[in-house]
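In the two complexes below, chain A is the common chain; its partner is chain B in one and chain C in the other.
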Partner chain A sequence: MHLLKFTWLIALMILYTGALSARGIYQTSDNFLAGIFKQKTPPPQTLWLTGDKKKTVADILTHDYPSLRVRYWQAGHLSAWILDETGKERPITVGIVVNGSAIETIRVLEFRESRGWEIRHGFFTDQFNNAQLTDKNRLDIHIDGISGATLSVRAMQRLATLALYLDSQITR
Partner chain B sequence: MGVAAAFFTLILAVTGILLNHTERFDFDKKFITSRLILNWYDISAPSGMTTFETSTVTITQLGSQLYFGEKQLPGHFENLLGAVNIHELTIIAVNHGLSLFTNEGELIEQLRSSAVNLPSLSKIGSSEDRLIISAEEGLYISDSDFLHINTWKNASNPAHWSSETQTTAKRSRKLQQLYRNDILPVERILLDLHSGRMAGTVGVWLMDIAAILLVLLSLTGTWMWLKRRR
Partner chain C sequence: MSLKIKTIGLLLALNVANVQADTPSATEMWEIIQQQQNEIESMQGAGKSASGASRTTLGGYGEMHYNNLEDNDGAREKKIDLHRFVLFFGHEFSDSIRLFSELEVEHALSGDGKSGEVELEQAYVEFDLNENMQAKGGVFLLPVGILNETHEPNTFYGVERNPVEKNIIPSTWWSGGAELTGIFGDSFSYNLGIHEGLNTSSTDKYAIRKGRQKTSKADAHDLAATGRLKWTGAPGIELAATVQYQENITQGDDSDAGSAILYEAHAVVERGPFELRALYASWDLDGSGPASIGADEQSGFYLEPSYRINAEIGLFARYNQWDNQAGNGSDSEKKQYDIGVNYWPHPDVVLKLDLQKQDNDSGSGEKEGINLGIGYQF
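Then we have the complex of A and B:
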């Protein structure tokens, strides 16, 4: 009986430490941008969310965007976005690169939630590659979920859609 | 016995119906502001406050909440480090970064420390209408759009650092009440009325007794009705 309790305790400790270690900064924004723009990161620009943009963004996120402007980096057909969205309780910071209206890269930069960290893995993020925006502001591909990480998966889907929409709104 | 049962039945039925429609009526998003009920629940606000004043607005931290004037800003914040007003914008510094607001308290942009490479941000100020940031790594200056932050080398014009001010007793009382007004959802009250927990353990027992009385009333009522029919 004692052995059983001890085994449960160890299992819980391992799970808890796993969740704790999954929180944190996986990649800094600078590193992410440097990797995308090959060490020549362009100066940041901002897109103001006013009028129809604000409304469409709220439709995509299912809530208002928390700020009035969004920062982005652009060089040629590439645009990079660093966006936050809450899965369950805490914001997840995600870096997204759009190349010619399609997602080229999506990376979890900082994860603060206690569950759902599996979304940082390549097997999940690679599904977004080449995703584009439909006329109804939805992703044109199906994204397979991860059991136990539903809210984080949805947050990533919303952010990917948002980045594609924002990219369509910038002047080139 | 019937009157007592009717009283508890009414409470159970009315709270039950309302609980069934929590989402429709947003009972989980509406909060109780009655001081009497908040005191009953022993809900209090933290006593320690940190306040910074700009030329246009007073910013106060109470617990993990920030108040822009009397407007509570969404989200949770760590240590408030300073606030300045530049170009009709208010810049607030907290441990985890900088936030830019309009003078009406609308968030323009939030810059996390990690995003602007200022992990050890300690205070902010202004010099010639530019934001000056003090971090462990040195002094930094922002451009007029708050898009670029560069090392501040020309320190010939001293910065006016934002410094903490005393929170007035009136503001302190007002914010503590505002803080308390955002804690207890109506749904909690309905649940506690429904279960009797509003009156502690005694309330739960009373509700149990009322439920048993209702069962007895139903059984004896049915029995009497059947007996009369025969």
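Then we have the complex of A and C:
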């Protein structure tokens, strides 16, 4: 009898949690860009990572960037970046908007790790708003972490720093 | 002769003209480069998903300690110990089935007469049931306390892990069995598991730590069940509680002992450079055997405030109090005071120094001195 109740409980939990989302796509890149640029997404541009840029990017990420170039979207003072970084085992896809050398928006678009899903929440991502780059290529603000999600938090900090650096390298 | 030269010159001119006609313009060349780059990236991506090698991940951590401690009988202990060398191996069989494992060498040498051990602390296969619920089977770390699941040396203060989680919970604690994990609401996560139980004895004064079977031909006559609820609904804050039920902590070998329940709760609060960790854990053991020596209650708590001066340096203090025979009036309570510093030259590398002082009600076995450590993870 107790086992039957336990089985029903588990079944209800599966049904209930099926309506939520931890791993998976939270927002597509197209939707993210459409929201930022009010349905008039500019064509993508390319920033090549050569010479000092390649080295600085590797310093920020603590590893080489997996490509020779980065795509971005730009309109006026706004630049948007869709970047991947691994927390512990799987890449996290993040959309970042920089406005006038400061972060305006950062969103987790796709989360593939088995732990650290809390970084998608606004209470975490909102901490990055208005963050800027210091002379040493670090964020100029403190980000409160999430216990048990240390590696995902650090991946987000690296991507925010990278977006600010890349924004400083594009020509307007 | 002149005709030959003219003919050759004409042929060369025609050839150059043909070559120029076949050469792309700078714009066309740029498009070709971009197309090639796209193809390279797409091939790299395809390789990642199709290749078995790229689905296998490797990680690890390790720590070496120097302890210079003197007890209240004047005996001084000085030792250097490669306390842990750990390798993680993970593999993605598919997008929804994965393996995770943790192989550890403790104290550098293992075997007959050696002080160390080779231990398999994690080896489980996890299945995604849906986007918010996973099931795992195998050997896994039990969801209890702050350090039991996250104990890489760069993630906590102090050279040695705190004595409360070590002696009461008891960390590091792993078991073979099955577990469901998942999330609900915006900020709650849960664990529900059935796994091997403890197997302690009266010879060991029913000490919980002595009862870990480590999934090594573990006696499975009496299983255990663990449930945890965790809230992480604000940046820097974790509130969690675990309850565990053991059917019989001697696996039926001791008729004077029976079931047991563990209650554990903790909070982690990080605000800017300040952090506070607080944990309380308590065991309630049934049976006249544990009650006769006060082991029917085993409990402890600690408070650990810390302050991060900058990204590289952090200071901490910790007060620990625990008692593995708290059920009677014997002088078995122990206290330990720690203060120290962590230095992170890199986020994944840490150097540690701390001072410890113990104050035991029994007046014996109190260790006081300095600990140094170096650790890493990757």
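Assume the second predicted complex is superposed on the first by the 151 of 172 C-alpha atoms of A that agree within 3 Å, B and C clash if a C-alpha of one lies under 4 Å from a C-alpha of the other, contacts with A are read in each partner's own complex, and residues count from 1 in each chain.
As a working rule, a contact is a pair of C-beta atoms (placed from the backbone, for glycine too) under 8 Å apart; a residue touches a chain by one contact, two chains touch by 3 or more.
These numbers were taken from a predicted model, which means no experiment stands behind them.
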_Quick check for you: in the superposed arrangement, does A:L139 touch first (chain B), second (chain C), both or neither?_
neither
_More chain A residues in contact [chain B versus chain C]_ = C
*So, does A:S147 touch the first partner chain B, the second partner chain C, both, or neither?*
second
*Which partner does A:R71 reach: the first (chain B), the second (chain C), both, or neither?*
first
*asked:* Looking at A:A155, would you say it contacts chain B, chain C, both, or neither? Reply first, second, both or neither.
replied: neither
*For A:V97, select first, second, both or neither according to whether it touches chain B, chain C, the two together, or no partner.*
neither
_Set of chain A residues, in rising order, touched by both chain B and chain C_ = 46, 66-69
*For chain A, which residues count as touching chain C in their complex?*
10, 13-14, 16-18, 20-24, 46, 62, 66-69, 88-89, 114, 117-118, 121, 123-124, 127, 138, 142-150, 154
*asked:* Taking the touch rule as given, give the residues of chain A at its contact with chain B in the complex, in rising order.
replied: 25, 28-30, 43-46, 66-71, 82, 93, 110
_Parts of chain B lying in touch with chain A, wherever the complex brings them together_ = 74-75, 102, 106-110, 112, 114-115, 117, 145, 147-148
*Residues of chain C touching chain A in the complex*: 34, 37, 41, 44, 57, 59, 90, 98, 126, 128-134, 146, 149-150, 155, 180, 182-187, 192, 230, 232-238, 268, 270-273, 311, 346-347
